[in-house]
Structures are given as structure tokens and as C-alpha cells.
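Okay, so chain A shows up in both of these, paired with chain B first and chain C after.
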Partner chain A sequence: MDSLYLAWRYLCFYKVRSFILIGCITVIAALPLALEILVNESERQLSLRAESTPLLIGAKGSALDLVMNSLYFSDASPEPITMAAVDQILESDLASPIPLLIRYRSRTFPIVGTTLDYLDFRQLEIKSGNPFSLLGQCLVGAEIARQLDLGPGDHLTSSPEAMFDIAGVYPLKMRISGVLAETNSADDRAVFVDIRTAWIISGLGHGHTDLAKSTDESVILKREAGQVTANAKLMQYNEITEDNIDRFHLHGDPVTFPITAVLALPHDEKSGTILQGRYLDQDSNYQIVTPAKVVDSLLANIFRIRNVLDAVILMVGTATLMALVLVFSLSLRLRSKEMETIFKIGSSRATISRLLGAEITIIGCLSGLLCLIIMLLLNHYDVELVRRLFI
Partner chain B sequence: MIRLSDVRFCYPTGEFRLAIPEMSVAAGEKVAVIGPSGSGKTTLLNLVAGILAPDNGSINIAGTDLDRATDQSRRDFRITTIGFIFQDFGLIDYLDVLDNILHPYRITSSLTLTAPIRQRALELAEQLGVDARLKHHPATLSHGERQRVAICRALLPDPKLILADEATGNLDPDNKQLILDALFEATSTNHTTLLAVTHDHELLGRFDRIVDFRDFLVNEPEAS
Partner chain C sequence: MNTRMSLYVLPAITTLTLLFSANCLAGKPLTVYTVNYPLAYFSERIGGEFVDVVFPAPADVDPAFWTPDEETIGGYQKADLIIINGAGYAKWTQKVSLPLMRQVNTSKSFKDEYISIEMNVTHRHGPEGDHSHAGTAFTTWLDLSLASRQAEAIYKALSRKLMDQKSIVQKNFEALIADLLHLDEQLQDLSDKKPALPLLGSHPIYQYLARGYGLNISMVMWEPDEDPGEQQWRNLQTLVEDHATSWMLWEDSPRPESVKRLEEMGIKSLVYSPCFNRPDEGDFLTVMQQNVDNLSVVFSGAD
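So, the complex of A and B:
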């Protein structure tokens, strides 16, 4: 008996119907499994980074936005605080502060303004080149380097915050000093610059020709008491080079300059507790959070949503299975003439059952195979997928 | 070849009754069964094929008493001894012509599909003029071609008896003659018995004998 052969011919002849059946079963089988893999990977990635970050200080507001921006470089920028927050921690001698300014982007990649301490804290290794040591230099994550085919000596330009703001800050062309080794974390998709470079990107600092020595009078608005004021014709540099680095300067007191958060690394557990206590004051403009707790609370919400999703998938799965049973029973009715012929030629009813069984087996096997392929692909790309989709 | 004695049959609904006191068909004989609709012609074929079991009487086909046989042995007997030709061809639409001809070998363990059988299928297809259409599906064939494929399928297991139920009913006059030619030629070569239900009186002259179900008289055709 060639039940499998006949079943295969039947499925091949009615390709669209078979494809839809196989697709439905595959989706219904793969959906909960895929959800499980992705949620588990999200949990792993979120928890891992959160647990390795002891304390985070930022402006009062959404703790989740603060954590997501500071740890995973999400778009949601928290309200800025000033560098005074860093000095405050230094003065307390309870922890080592690492300032973060994560607001600007180069293409779609976040620019992380920080200090070299960040590299030590995250144990980031430099795969090629050197860390940023001068203004205008940047260190790119492994994925950016791979995706844009960049290496030390190449350039990346910061994106203007508002494309049509012609009075806004000019984009800064940054020289890549090095490329980080892959970490399978948000650091792979970030551009790291010195905090002062980030301030220059924000417009708090700039570089231009020395007006005192300028011979071009058309750029001078007025000269009085040793102070020279330029007009809008004065060209600002949009790249920091060895030749013009000395002409770059920041305007104002750095203590008042903005940052989005401070990573606080307590010297010990007791120092951490004391430090947290100091930010409990209701009148304080700052909040101090333990990223692991914020992420745990986020995960609890995700699990609640997942339970709802599981129930929805279960209901959709049941409905789909019922629809499949209906499809098969209707198909049997449509094939009654064929069954009658087979029976008259000399087959038993069991043969007809075997034929249907073979069709269901093939559909089940192909769906299972497809599901397996999807799961293997998902398992292989889950780290990347979760990072792109959820974090 | 076929011997029916005092056969009585009634469907469970009780609406239809058939009584055949005596009927026999010799081996190699070509017999036409005629009669008005509902007179029991198709029921006769189903009884002879062992699809239906008589309420009373005996049916002996090629030495086998079908009325005493089990369902399984009747099915085995049917697939190895009888070839069926249907008015609506009964081809499987998702199989191509060659697979349709080989179909009986794929649905039962009583027949084994071997290389010589495949060769014979090709020869039959050539004999009946459908060898150029082996990879086509039934929907792409003309009615005449479909019936020729159905004849190939019926003849492939080399049956002793062919039962044809209105085999030319769906065909135009030219095709009727062609199909009958093909059927007669194929059955004559193998000395196969043919029991054919038909409404087509133009074709009756070609049969050895006519069984009229109207009054259940056995008539000899007039010599032409």
C-alpha cells in the first residue's frame, strides 16, 4: 500500500490548501515556543546587565526610563541633571561615579558620553585601535563596526537632533580611535565618546578661528574692552583635528553641564546603603535606583502580559484546531466520490482512513519540521533579535 | 463465469426489491444489461462485484461463491478478478494518468506494483491511445480520454470480468464507438468477460447477448 505516496500526491496537487494548513499548524505550534524563547532571552539580557549595575542616579521621574536609557541606551531620554551630581558623589567618598550623557545619535546608534572608567566598569575590551583620548574621538561597538564596515581612523558623524532646525547645533564629525570587542550587549551598538565631546555635540562647546587674530573684519560684529563678538558669518569647525583642537572650548562652568545619569559604584555594601539613604529626601531633585529591582518589576509586568498572551494563543490554537477538523471533514465530504471509487475497486474503509491518516501525518511532520527550523533559527538569533526588538 | 441462482435483494429502506431467478454469463461473453432507470441494473453489478450481499440465493463468480465469502475476501476477490468502469470515469483528480492506471496497486496489499506491471500499464496506455498523456491530470483530458484511462485501470490487474456501468453514457457518438472498440478489443485479446449496463440501444448489436431487466427475459440479438 502506498498511502504515503497517494497522500503526498494529494497534498502536492492542492498546494495552496496544503500550504495554508501547514502554515496554520506551524504558526500555532511555533508561537508559544517562540514567545518562550524570546521572553527568556529578554529576561536574561535585561537581568544580566541590571544585576551588574549597582546604583544609578538621575533626575526624578520614571525609574524605568532612567534604567532603560542608561543601561540599554533606549530612545527615552530622562530629564537631565548636572555634573554637580558627580561631584556630590565624589565628595561623599561612598562610591565612584561615572557620568553618562545619552541623548544624541549617530545614524540610529546612540552616542554615549562618558569617561574611560565606563570601559573598565563594563570590562569592555578594545579589539582594535585605542580608547578615546582626545576631543572628537570615538570608540565604536563591534556591531556598528561590522555593519558600517568601520575601523580605527574612519569617521562617524553625529546626527542633528532636529533635522530642520537650521539654527541648531552642527553635526560633529568624529574620528574613530578604536573598535570594541563583541559583548552581546547594548554596548555593541553604541558609540562611546568622552563626556566633553558629548557636550560639544550638544552645542555647549565649539571651535572656530581665533577672532582676536582674525584679519577678516566681515565676521566681527563688535570689539570692546578686549572682547570680540562675531556675527553669524563666523564658520565653526565641524571636525576636531590636531590642527584645530586647541581652538575648541566649552562655554560655562562644567559643573553646570548636563548629564542624563550617574553610575554609582559603591566601595562596599554599607557605602551603597548610606548613599541610597542620602537620596531619600523628598525635596531632592535626584532619584537613586537599583537597576535590578527596576528590571525585576518590568519583568513581572512582562510575565503578566505573557500569561495573557499564552491564554490568547491557547484560544486561537483551539479555534485553529477546530477549523482544521472542519477543513478535514469538509474535505472528506468533497472527496466522497473518490472514496466511493476506491471502495468499489476493492479497498476497505480502513484504507481510506489510512490515506487520511497519511495526509495528516505528512502535514503534521512538515509543520513540525518548519516549527523546528523556526525554533533553531530563533535560538541562533535570539540574542540579536531581542536586542533589536525589545531592548 | 457468472452464475446467479434465486437471488433476492432488498435495500434496508425497503423501497427497492430485486429478484433474479436464474442468470448466467459464460467466460469471454460480452453481455449488455438494459432496462429502465431504477430497474436494478447497477444493483446487479454491485451484487456481482460483491459490493452488496444478496438477501437470498447464491452468486458464483469464476468458481467463487461470493454470498458465502467474508468482506475481506470479497474485496480481495474484487480487486484481483473484477475490473470496474464507471459512467463518471471515477478517476482520481490529483493523480496523473499513469498513477490513475496504477491506482489499484497503490490502495491494496493484494496487488504488488512491480516493474512488469508498470510496463504493462504503459503498453495498455499505448494500446488505448493515451500514452502521450501519461503525465497529465484527468481535468486536462477529454471525456473520451478519461474513459480510456479508466479502461486501462480496469484492465491492468488482468481481471477475468469487466463490469461497465454506463461506460459510454457521458460520451459523444464518435467517442462511444471508439471506446467500445477499445473495450471490446482489449477484452477479446484477454478473453475477458464483459457485463455492461447501458441505455444506448445503438450499441446493443455489438454484444453477444442482452439481458433486459424490464421483464427479465434473456434475448439473443438478431443476426446482422
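So, the complex of A and C:
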């Protein structure tokens, strides 16, 4: 006990050195464990979501970009395809399609244009309010509602794609129809809208006053039989309400409108195999991927990188430990007079050894305690951290 | 006494248990929402006791131009199946969010046969405000061969959902088709008697009827319960100069004043109801049969 007391007083006297020693040991011990926890959680989250998604169809190109954008709503949007891909799947009668248009943001949160089938597919429950029913409404994830303190009846505005794009699309003010229950997935940080609302955000649809009845001639470019052409002065509505919803319309054939991917839910295994076979044609503009396989490939790369990281940490750790041993031995040499004094006042060499041992034990225990706290915190927040930092 | 009780009680318990089990096994009926009455009728005929068909449009409103409130939209969203007519019918479906996987577009199989309408005249009537029939003609069911294809789309959707009752559903479907094709045959026989006989339609809703049965119908944009106005009467006068006819088809019983004025022009009136909404009496088939009977007067030489 005396040894421990003396060792403790010694360490408290040399606070800075003690903190540095404790810090070094904590980092060496915690780093590989933290990496293990975060990588395991990444693997779990990535795999879970990927395995629950049977097939994904998108434009030919990077399968990883397609999967990351469609499942985890990453910033990088794949090349768009059209709604014709959805019709193709419907007509095949092999799978049920869910279109996705994930390209726009509201502040930093992705806007996911889709259909109500997405909610059934992901088994998303509504915590408050209702699913979107009219164009211009949106459903927000639990985290968005918490972070921005939003609820049903509040509004959220889409962000313009380019700040100085004078020919760009007006932001759309969307009414929040409901808030989703927490899912601990990317859905918590997404704003869900009907696919046609997403097309309106993209500028393929808009609402304005009835030109045929307009008395403001300054907005009219020309009038012909059966057709009125307006100029750029025509003010477009930036919010869809019950009063003006009938004035909103899409320009063009929706079959040609863009989407970023189609979630395909095969009716059975055989249908899934047949469907995949139909997209193997080299001339096809589409690719069909199994998200689980893409994610497995990604994880294999992560594990290879992790092995390298583990080796690096091991080497760094070994070097740090050797440095610590050097520090201790140098410290002993510097404290030689102190040890001599202790010996001269009656302590045995065993007591001196106990003193040094106590110092090392206290440092070790404190480092261990810190490490434990860090691990407990990581275990508690690993889901959130992985989603924010990696996915 | 115990033996006597067991003679009555045991069979009663057994029967109740069997009934309860049968009920549980049968499951809740499928909820099917439709956008108009003809599709509701087809769904009821095909699905029978295994479906609960809901057509929520009010009886006094044209479902093509009706807009449901959010609560009703919620009902559509929760339905097991949403039966859509297609061909641009019920434009409200383009402004609301409905699950794609549970929608059945009953006219998709003949979308290449849709009829485009060039007319772009708006007309106001009732509380719904102006409406226009520009775009695509949507009364597809008036051509009963197309109606049978719409019924087939409903049958396919229902049989996928009601796998255990497929044979019953199939039988129901075949019975409905037989009834529809019987009416179709009657109309074909009628029109064959006087091919391309000029007729008038009071509202632009008879395109598929005209094409399906080779009827020569020119249509105006009148309402049976409104005075069309002097301009419209003059337009009609001009029309009949090139399209001489003795008959005008109305979607509902017209005003006596309109009937009288038409008779003064040598034009008689008959009702050919599109049956958008649930009739006060009878059903879709009885209404269509009445339509055929009304039209038979035209082709039987009694003009």
C-alpha cells in the first residue's frame, strides 16, 4: 500500500509525463480494438442492407457507385436511366420494381424520390403523421426530425444544385407529412418524396397560373390557336398546395423521365435468375447487380486494407512500447540519486522494485480504464459513427 | 344426463370450432379500391366474397373529375389492390402518391389503341368547375371487348393475390366475360344493320363505343341537366348540316326543354349511359343492357 501511495504521489507530481505515458499506452491498446469494432459494425450495416436488397438495376458503369447511392444515398449519383426500365420490369412479370431518383439534397440530407412501395419494402414505420399523399409532400427520417426539430406540418426546402445557376431550378418548399420511426440505417437521414415530386424538383414539372386565362400580357411571348407560349418572366410556384396542385404538370412523357436506379424484387428465385439473364446482353444500356455481392467485394477490400492497417499498428505499437521502455530506463537513470536516497534511508532493493512496479501498474491500470471507457463509448455509438463517417 | 348433454354439446362445440377455423383459414377479404364503378363491378363479380370493393366517389360526382380528400387517399394507399382505368382517367391519380406495386392499370394491355382527342374546350358545370376532355379518351369500357380486357387485368391481379381461391375466381371471371361478350355481340349485330349511321353524342365520351362498333358519332360538349346556350345550339345546327342525323345520345336523362328543341330540329334523344357511378337500381350489366335496348330503337328502323 505504501508503495502504491508513493508511486501515486510521484505520478501526480510529474503530471505531464504521466499523462503522456498513459495516453501512449491507451492509444496503442485502443486503436486496434476500435478499428475492430468500427470495421465489424461497418460490415454488419453494409451487409444487412445489401442482403435485404435482392437486385438493383442501373446504368452501365460503376456497380459500387450504383449500390452506394441507391442503398446508402451517397453523394455520387450514377448515370441516370429512365422510367422505361421500370416498365420493362413490370411487363416482364418477373419482379416488382421500385424506382429511385437520388440526386438532390435538402441542406445536407439526400432527397429520395421513390414510390410508397419503398416504405413497405424497407418496413419503415411512421412515428408521427402520415406517408406522403399529395405531390410536394415529404416524409423525413428520424434523425432529420431530431436534428432540425421538425414534425408533420413543418416545411423543408430542396437545395438548388448550383448556387449561381441562373437557369437552374427553383427550390421546392415541401410540406412534411410525417416522420419515420428510427431504423438505425441510412433511412434515418433521408427525405422521402414521391418520384413525381423529385421530377418537379429537377425541373421536369412545374406549376404556374393558367396562361389561357392570364391577363398579364407581359408574361406571354405569343398566342396561337390552341397554344400559348410564356416567357421567362412567368413566375412558377415554389410550393405545392391544395389550391395550386391542379396547376402543376409534368412536361413530356414520364416514361422518358430520369431515375438513378430500380430496386427489383423478384417474385421467386427462378424469376430473379431469368431477370438477371435478360440484362447480360453486352448491348444493353443497363446493368443488374446483386448488392450483397458488390458489398462483399467492397468488404474484402476493406479487410485487406485492415490487415495492412493492423500490421502498421502492430509495428507502430511495438516501436511505441520500445520507446516507453527506453523512457522508463532513462527515467531510472535520471532518478538514480533518488533511488540511492531511498536506499540510504532504509528501504530495501525489493521496496524500490515495488515502487517502480507500482508506478507501472498504476499507469497500466489507468490506461486500461481509459481504454475501457473508450471501448464502451464506441460500442454505444458505433452504429451512429459508422453511418456518419463511413457510410 | 351427462350422456345426453354430451350428445348435444360435443357436436355443437365441434361445429363451432370448425366454423371458426374455416373463418380463420379463409382470412380477411382483400381490400380493393377502384376509380370508377365499372371497374368496381368487375372486381366484385370476379372476386366475389373474397374481396371488399370500395369505390368512394360520391354518387353525384363524375369520378373522372373527382378529387378525393387526404383521408380517402389514405384508404387507397392502404388497399391491397388499386384498380386504375388508365387512358388518363381520374387525373387525380397523377397528383397523389399511390403504391405502384399494388396498382393495376386495366387498360395497359391496349394502350396502343387509346384514342386521342383534339378538342381543347373547357366547360364548367356543377361544383367541380371547368373540365376538359382534351388528351386521351378514357371511357374504354364502352367498347365491351376492351371492357373484357380490363376485366382480364383485374382477374390476373386477383388470382395472384387469391392463390387458394383461384379456381373460384376463374369461374367468376369466365361468367363475367360471357356476359360482357354477349352484350358486345348484341351491339355488333345492331351496328351491322345500318353501318355508319350518323349519330350525335351530347358529350365527348363515346369514342370507344363509336370505334368498337363502327358507329358514326359526332360529339358536342353538352350536359343533360343544363341549357347549352344559344351559341351551342347554333353550332349544332351547323354540325347537322354536314352530319345529318335523327338521334342524339345522352349520358343521362336530358332536360325536357332540350329534348323538345331537338325534336323541333328533327333529332330524337336517347340515353346511352356510360355508367361512371353506381346506378340507383341494377348494376353495370343492367345499365349496359338498357343502353343496348335504347340503341336498338335507332337501328331497328324506327326513326
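The rule is short, and it goes like this: the second predicted complex is superposed on the first by the 390 of 391 C-alpha atoms of A that agree within 3 Å, B and C clash if a C-alpha of one lies under 4 Å from a C-alpha of the other, contacts with A are read in each partner's own complex, and residues count from 1 in each chain.
Keep this in mind: a contact is a pair of C-beta atoms (placed from the backbone, for glycine too) under 8 Å apart; a residue touches a chain by one contact, two chains touch by 3 or more.
Given the structure is predicted, the values throughout are model-derived calculations rather than measurements.
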First (chain B), second (chain C), both or neither touched by A:Tyr10: first
Chain B versus chain C as contact partner of A:Thr351, first or second or both or neither: first
Partner chain(s) touched by A:Thr115 [first = chain B, second = chain C, both, neither]: second
First, second, both or neither for A:Ile98, with chain B first and chain C second: second
First, second, both or neither for A:Phe132, with chain B first and chain C second: second
Contacts of A:Gly58 with chain B and chain C, given as first, second, both or neither: neither
Partner chain in contact with A:Arg196 - chain B first, chain C second, else both or neither: second
Touching partner for A:Gly141 - first (chain B), second (chain C), both, neither: neither
Chain B and chain C footprints on chain A, overlapping residues: none
Complex contact set, residues of chain B against chain A: 49, 51, 71-72, 75-76, 78-80, 82, 84, 86, 88, 90, 92-95, 99, 103-110, 113, 137
Residues of chain C touching chain A in the complex: 70, 73-74, 77, 94-102, 120
Parts of chain A lying in touch with chain B, wherever the complex brings them together: 1-2, 5-6, 9-10, 12-14, 337-338, 340-348, 351, 355
Chain C-facing residues of chain A, complex: 86, 96-99, 115-117, 120, 130-135, 137, 194, 196, 226, 245-246, 248
